[in-house]
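Consider the two complexes below, in which subunit A is the common component and subunit B and subunit C are the respective partners.
Our next item is the complex of A and B:
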């Protein structure tokens, strides 16, 4: 699904995805100062392990993406975390191709990053409960953002894939629900016990 | 970072380890019995793609068979003339896999292997001697049943052996296909170690940069 193997995508799509992911990675690495490195590494490890576990859904199989959570906790640094996780999954387990790393990184990281920054006004100074609800919505929408990204990459590569795109959206529905619950609980927990972990809860001026 | 995050990470890790050691990858198991190419596609960790496209191409990359998988992800194509083929399964949602089968996986009358030729020629040499000996010993032939045609016998034995071997090897090849895609604890821990190492390298680089910037150790 979000791990697209080699030989499925056309060259222009791979090139565009690679360029987009490179920009995201550059922004992410620039924002990665000393204090943010451990947090990013821990989420990269969580993403690496959690998205290895897949459950069969209908004709396909899905796994958690954590795009929303990473966008909320890491901001633009999510690109670095997703990229490292994907490289290791591709090299160690053959999940997804090496040529599609750019497209996959973009599909998994970009929706969370964009949605988390859009949700910032709603989260500023929010109570933990409200933060959890907003985070759940962000996570669910990020899943659909990833689905849209995968669908677009496939549809642009070959029109043969268009009929199957409905299936993708259907299999992502339960996933969106699961991710919303996980992210909602994690974010409301963090907002209660350790709000400084979540940059989206802070006013921008006190961020480093 | 904080102890709570580490606890959270440990919990998630634990969940991943104790849950189904599943992965997100489509695999393909293909076997050849006689002239039938069959097999099934499966997701590592469970699930078979149903009703998805199966394409078989020959060595010249021309499509020789199109079909869909059944309820158990299986497919079969029985009209195969022996040759090298590539079986591809594409679920259409970004999962695709293909597997090559070589010509020597096929057997049977349609494909006498080169090794069979000398074996067929060999039994013919004693025949004239045998016939001459029979003629000399007894003018009334004591042949109860006609001696089997060596070539036919050879083919029959070869087909039977091939069939038996295919039946016996099938579970082995299946197990191999499953094992190839299994997630190994060592690999997962290696990946996490890699991430920790990268974080350490990044922090070291950041610390060095800051020291040269300010000229004083932090």
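Our next item is the complex of A and C:
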């Protein structure tokens, strides 16, 4: 849904998206201790598998993006998880764009990463119910952030695309609602069952 | 992956293409996409589409695989293609009661051709490439080692997590769960994702401990004696001539 295929965007937008995603990936990889590689990779695999599940919405169905949840669980490493998911999608199913890999990574990862870090003060030591509500808001806003990114990429590519954007933006509303509810329940579940997965719930470690 | 979960099946790996070096396939796909984006003439793009379809079928993809991929279009692309001719400024042509904008129509046709061609190039050249081979190819193309290792691990664990998801899905079905548009469905799916995360996290801790016991410090030896063969050179040369020819035709057109 947030994937922009090759052939739609203009070259400057592709280049800017690539540069932005490269910065995000570099930050994510720098934050990643080499010994954390297996854990991060396994979580990235979960997000990939979860995004294949079709959630019914009326007569149609949506696939969740889980950008907000990835930001909450992985932090800045979400850039790497999203990028890997996109590459896997290309080799396993032949879907997705190659030139738009950067733009797509940025659109899906950046809102979640930023919003999760902004929500951190609200989540520190929060009860499971409260964490769920905050996470739901983060997830909904992350979807809107992704929608804004997709719109910006299209609008900057060609002014001819602008009229279509209003319709496209409407299609993100049900997704935002679905993601908010799912992420809210996932986070309150994790806060009760396995809070270690959610580093945002815990005070930052003091490293020697 | 379990039925009911996977939204589409992977195209089969193809013997002919699998004899090529992974690096050649990655670079070939990138070169093909870059060339397609540089083409501006609808006639040349149509010619490229015909050639591309021929090559895709020649590579061992079935007509059904290709059709399934090309029909699966992103929703917003469909909206874009319908709205462009109706709203773009410029001279219009009357088609019954609706006035279609000529530049908008041209733009929509160009986008449609480019999108399909790029999808075809990725499907033909990249899809079906073993993730492990892709990981090795990326390492040889100087992609950062951490990213390559993450990719290799993820690719390995997607299958494992997929099986785990299949077991959870079965447990849901045994309890007569049917996805509907309801809060109950959303909550159930949320617990599904949550449980998947918990199990994966616990698995990751076991894997992590096992790897540390075996002195893993963040990198594997990527052992592959992949050398570029004459077949790779032939393929790369042929593709380069083809793409250059298309670019030349496009400049002349």
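Everything below uses one rule, namely that the second predicted complex is superposed on the first by the 184 of 208 C-alpha atoms of A that agree within 3 Å, B and C clash if a C-alpha of one lies under 4 Å from a C-alpha of the other, contacts with A are read in each partner's own complex, and residues count from 1 in each chain.
Quick note on the criterion: a residue touches a chain if its C-beta (ideal position, glycine included) is under 8 Å from a C-beta of that chain, and two chains touch if they have at least 3 such contacts.
Computed from a prediction, not measured in an experiment: that's the story for all the values here.
S.K.: Considering only touches as defined above, state whether A:7 meets subunit B (first), subunit C (second), both or neither.
M.R.: Touch status of A:7: both partners.
S.K.: For A:46 in the superposed arrangement: first (subunit B), second (subunit C), both or neither?
M.R.: In the superposition, A:46 touches subunit B and subunit C alike.
S.K.: Examine A:90 and indicate which partner it touches, taking first as subunit B and second as subunit C; both and neither are also allowed.
M.R.: second
S.K.: Check the residue A:194 against both partner chains and state whether it touches subunit B (first), subunit C (second), both, or neither.
M.R.: both
S.K.: Please work out whether A:178 is in contact with subunit B alone, subunit C alone, both, or neither, and reply first, second, both or neither.
M.R.: Only subunit C is touched by A:178; subunit B is not.
S.K.: Of the two partners subunit B and subunit C, which one touches more residues belonging to subunit A?
M.R.: C
S.K.: Which positions of subunit A sit in both the subunit B and the subunit C interface?
M.R.: In subunit A, residues 1, 3-5, 7-8, 32-34, 37-42, 44-46, 48-50, 52-57, 63, 84, 88, 92-95, 150, 154, 160-161, 163-164, 167-168, 171, 186, 193-194, 197 are touched by subunit B and also by subunit C.
S.K.: What part of subunit A is in contact with subunit C in the complex they form?
M.R.: Per the stated touch rule, the residues are 1, 3-8, 11, 25, 29, 32-35, 37-46, 48-50, 52-58, 63, 66, 69, 73, 80-81, 83-84, 87-88, 90-99, 150, 154, 158, 160-161, 163-164, 167-168, 171, 178, 181-186, 189-190, 193-194, 196-197.
S.K.: So in the complex, the part of subunit A that touches subunit B is made up of which residues?
M.R.: It is residues 1-5, 7-8, 32-34, 37-42, 44-46, 48-57, 59-63, 84-85, 88-89, 92-95, 150, 153-154, 160-161, 163-165, 167-168, 171, 186, 193-194, 197 of subunit A that touch subunit B.
S.K.: Can you tell me which positions in subunit B touch subunit A when the two form their complex?
M.R.: My answer: residues 1-2, 4-6, 8-9, 12-13, 15-16, 19-20, 22-26, 43-47, 49-52, 90-97, 181, 183, 187-188, 190-192, 194-196, 198-199, 202-203, 206-207, 210.
S.K.: Name, in rising order, each residue of subunit C that touches subunit A in their complex.
M.R.: Within the complex, subunit C touches subunit A at residues 1, 5-8, 10-11, 29-30, 33-34, 36-37, 69, 72, 74-77, 79-80, 82-84, 86-88, 103-104, 107, 111, 113-119, 122-123, 126-129, 131, 134, 144, 146-147, 149-155, 157-158, 160-162, 165, 179-181, 183, 185-187, 189-198, 200-201, 203-205, 207-208, 211-212, 216-219.
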